[in-house]
Amino acid sequence: MTVTDDRPTYKWVGTRPIRHDGYEKVTGKARFAADLDLPGQLHAAYLRSPHGHARILSIDTAAAAGMPGVKAVVTGADFPDLDPTDPNFDVSVNVMARGTVLYNGHALAAVAASTRAEAAAAVAAIQVEYELLPVILTLEESMADGAPLVNEHNITKFVESDGPSNLATSNVVERGDVEAAFAAADLVVEREFDTAYVHQGYIEPHACVVDVGPNGKADIWASSQGHFMVRALTASVLGWETSRIKVTPAEIGGGFGGKTTIYLEPVAARLSEKSGRPVKLVLTREEVLRATGPAPASKSRIKIAASNDGELTAIDCWFGYVVGCTNDFAGLVGAMSVASYKFPNLKLEAIGALTNTPKSAAYRAPSAPQAAFAIESVIDEIAQTLDMDPIDIRLRNAVVEGDPTAMGMPHPRIGFVECLEALRDSDHYRSPVPDGAARGIGAGFWFNIGEQSSATVNLNEDGTATVITGSPDIGGSRASMALMAAEELGIDVYSITPVVADTESVGFTDVTEGSRATFSTGMAVVNACRDLIEELRARAATILGVDLDAVTWVDGTAVTDGKDPLPLSAITAKAKSTGGPLTVTASLNAGGAGPSFAVHCCDLTVDEETGQVTILRYTAVQDAGTAIHPSYVEGQLQGGTVQGIGWALNEEYIFDDAGSMENASFLDYRIPVASDLPMIDTIVVEVPNPAHPYGVRGVGETGIVPPMATVANAITRATSIRMTSLPMSPPKILAALDTD
Amino acid sequence: MRYTSPTTVDEARSLLAEHPGSRVFAGATDLVPQMRSGRPAPPVLVDLKKIAQLMSVTHENGQWTIGAATPTANLTRNHDFTAMFPGLSEAMGLIGSDQIQNRSSLGGNLANASPAADSVPAMIANGVQAVIATADGTRTVPVAEIVTGPGRTSLADGEFIVEFTLADTPADTSDAYLRMIPRTEMDIAIVGSAVRLTVSDNIITDATVVLGAVAPTAVTVPDAGAALIGAAINAGQIDDSALNTLADAASAACDPIDDKRGTVAYRRRVAGVLTRRAAATAVERAQNGA
Amino acid sequence: MSRTHITCTVNGDPVDFLASDGTSLLDALRDELGLTGAKEGCGTGDCGACSVLIDGRLNCSCLVFAPEAEGTEIVTVEGIADDDRLHPLQQTFLEGAALQCGICTPGVLIAAKALLDANPDPTETEIRYALAGNLCRCTGYDKIVRSVQEAAVQLKGAAR
Amino acid sequence: MPRVHLMSDHRRFTGGEAVVEAGGATVGAVIAELEQRFPGLGDALTHGASAGVNGEIHSEPQYLEVDPDTDIYFVAPLTGG
């Protein structure tokens, strides 16, 4: 179902063609990074720290180097030490420990051998002497007076600092007079919340193949959300010039933010350089969970003031994010989720605290889900206390265009009210709550980002087009590029071949994150097509013998008065005689990414004797601006929702006292399975983003923001207990019921 | 590491005798994850699935004989078997995904000696006997006597389970198995409860309760069985006070640990809840001749 | 580690290969036979990305030792299309947008085929439980389940 | 003159002022003037913030042109997943 807000009618945009890369993916032919093998290739394996925090006194690799099949061994000594002020310092240290291991699972050596088994055997033969250091695992331990340092190189960002500390960042945002508003309020609700570390949970482990040739140039095939990012970070960690590296994007088996950074490529490159052979490096699932990007755990305190008629007059909130062992976490803006509501008086404080746990990484709308869980829970409690409908209280306070964001800048045209109204009018919300079940509502948004993209569009002799971009396709973006190009050029979407090209075959493009691919890269494609149409008109004018001004481009044909329309294929057929190949490149640094709002609704039951939650019905409403390929927009909503349901109910990192992850497998890190879920109904709202030629807002991130509160609010209405700790696993729900 | 696939019990017995430290396997659904997590690989793998006796299911003269390596899916798809042992079948149907159940076996589920193995409480409740190949013959012992602790069994080096035997259930007797997992599938039991009981003239005349995942091994709870025996069934419902005594007895029998899968308090509490529910289901089945 | 010569049938073709005894069937398919459709997502039987049919039965190929394949008939995702015609599941997955990143898709297709081969008319709940061993992190399963339902309808129509 | 809206974290340079005015035709020029008046602030804005101008957030706003009636909002750097 789609709600359209005066959206223009398009021929291709908004249709649902079969995605261009689909055939390879249903026949097993699509090439993911681990599917590639090169002649003479070696296999690599890591030695990882068994300790949560320790000084490396010595590493003896001599025995390992002499083992059967072993061709190269690397340790931290094989990588240059970046200056701690270097923006890539933390990535470098995480790729390979120098001097100190900062978490259990931290890589400190790697071996390349003829077979995986030989590499693993050699890893086991590396001798390391450690001096154990204190292990800090929680926010309280990290922030305690006199706490031992997690990472001696950490300098706090954004505030004055007198040396290393465990504080990563600290931000405060204020407006109005919070104290006065609380004093005058009819109702004040204050709650504390906490959330666990969760993993992005992509099914494809990180993988790469690297071949460093005799000329010193590295060919890298890797699975990532941005191959230009891989090139830049790999060069930085190796101390190489960027031009020494070419990165070819493999198909990526899921990222969700977790593949916006690197782990493997410099290690494989150094092993390849030392051995003179191509090196393949593939993580195991256990390694993925122990040593790649969880999203931060968090604690929060939320205090909201309301009037008796449901106006939210003030918010005072504090968020503490547990960001792991390094300080390149930049996601605190996610705490700005409070800006879903007008809140004339606002105080928002957010800190990041370091711990001896894996370096955290981005995960869909980084840091917003933790905040929205807390805020949306308190708003629901206010609605319950005031006996207001949970949609009405949100409509009463929802931000609209011109209202300030948390940082003060006014919101552009947004669709929050439209989403709330769409849910209010939906079949789901108008249906009675099933017997024995309860219904919860939650909302949230994500800013989305623009950044740099490039696109090249080549017209082929037969009138077809190749659309080349540098954005790895993590959820169907190639189809979206083809649809926008088809709309612009006026040719069939299947006449377009969308390609994601390597770093030497397309212009620079930032990482696929922040829901930016269809927005920014799509805009580059549109710009290239529009330039191409200008060129097509000129060629048509030549062919038809008329002035350029007399030619207009209509539905894939050059039209001029008194002559038959000239289709695109007739122009490309005469490319040589009219000036040569028809090809255009466009690049941009896109601003104007439009925030995407969502409202979710969930019906569930709680087994009050076991604490088990069963989700009966779920609807996700979200503003897509314009849905270029509605099926994949729905898919983003559904996927984000189910990740959020996993975060809400069962997903968590469990560490022992020494910082070792106890549940580093898909058996015990419990992501939702098909039988856990009902269908996820979607309502795609379309309030076009004025800053995009087709009105696109990114849709990938927002879907994960509302589910935790949506589920928690339904649990409260089912049981009368307020769950304030994620995950809301059966033992925690039962314990809460028992103490109620 | 060498892979072998003997076709007779004798051949397997010889391989195990010749190669100390070697491992028998059927589905390898526990073996492979253990090897991946760094446990040393055995010098010789002995695949038992080529031995016809270990892969057969027979039903003769009121007795079932189940080859120890038979995939559990073969049993859960056997309508005669599932009709007679609905609880044991439920337990086998909960061991992982369809992919796993096409490999997992009763022999492996038992010999792996996980406290949380789903089929074990249901086998014990049904009085299943294990036939074990010894160095020079066979011995038959109740399933309850195989597992001695987490990862430990009473099987001597070189011994392996050949088959299981169990007798038909009378028409007035049935069983049920319930487990608690946080998801709906693909999890290890936090608590498992198997109940087998007999109902005669609306009175429970016999009952066995066996719990899983709440102690180092599956535990039979005589007090829980005793709570049921003599309880009256009214309109299909077990007497409330008997159910409460049953639940308390089940909870009291728990000797669990706090671990990544559940807390002590949770396991105790839910052991009572599931046992009560399993008893209700078993009564319904017994009265309907299931 | 000793290597064994293994002869079996893969996607209808007789094949033989050498594999170390401890090698998984998954690695043998990928490394020895170049069939990289089946994926390793976990290596412990928990994600289903490596699903294949062995003598018609659904298996995680990561849990099968390569020598166990001797004499068996194996079907991988590369073998479910009928020459150049996609299997109805492949077609409905494409039309129904049942894949995003596509890494789980080969295993899901095999599991869904195993289901429909055994049960041509599954309920939504039966589909969900039959696919419970196949983790997908992109789709939330909705479009996968719908596409299996649609394929079941098409297969029944074709069988009539 | 363009109005500059500061995050609380940067107000320690301005004696607590949340909004300050500073002349300049580009964001970079505005920052340079702020550095003159409030030593340390320019550096903090250059390295630790993105700028929201006319409804768009820019991570490298130095050469972005601004009018005398432009509002510049300095915000924590934005990332995505």
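Letters are used for the chains, namely A, B, C and D, taken in the order the chains are written, and counting of residues starts over at 1 for each.
Here, a contact is a pair of C-beta atoms (placed from the backbone, for glycine too) under 8 Å apart; a residue touches a chain by one contact, two chains touch by 3 or more.
Remember, predicted model here, so these are calculated numbers, not experimental data.
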{"item": "Pair with more cross-chain C-beta pairs in contact, given A-C and B-C", "value": "A-C"}
{"item": "Chain whose mean Cα position lies farthest from subunit A", "value": "B"}
{"item": "Whole-Å separation of chain centres (CA-atom averages), subunit B against subunit D", "value": "68"}
{"item": "Computed distance of Cα centres, subunit C from subunit B, in Å", "value": "29"}
{"item": "Between subunit A and subunit B, centroid-to-centroid distance (C-alpha), Å", "value": "43"}
{"item": "Residues of subunit A touching at least two other chains", "value": "200, 256, 284, 665-667, 672-673, 675"}
{"item": "Residue numbers of subunit D (touch at least two other chains)", "value": "none"}
{"item": "In subunit C, residues with contacts to at least two other chains", "value": "1, 20, 22, 43-44, 46, 129, 132-134"}
{"item": "Complex contacts: residues of subunit A adjacent to subunit D", "value": "157-160, 169-174, 200, 256-258, 260, 330-333, 362-366, 407-410, 412, 446-451, 513-516, 589, 591-593, 691, 700-701"}
{"item": "Complex contacts: residues of subunit A adjacent to subunit C", "value": "16, 18-19, 21-23, 25-32, 34-35, 37, 117, 200-205, 251-256, 282, 284-285, 474-476, 629, 631-632, 634-635, 638-643, 665-667, 671-675, 677, 679-680"}
{"item": "List of subunit C residues in touch with subunit B within their complex", "value": "1-2, 4, 20-22, 24, 43-46, 48, 51, 57-60, 62-65, 67-68, 70, 111, 114-115, 129-130, 132-134"}
{"item": "Subunit D to subunit A touching residues, read off their complex", "value": "5, 7-9, 12, 18, 44, 48, 52, 55-59, 71, 73, 75-81"}
{"item": "Touch list for subunit C against partner subunit A, complex", "value": "1, 20, 22, 30-31, 35-44, 46-47, 49, 76-78, 81, 86, 90, 93-97, 99-106, 109, 124-125, 127-129, 131-146"}
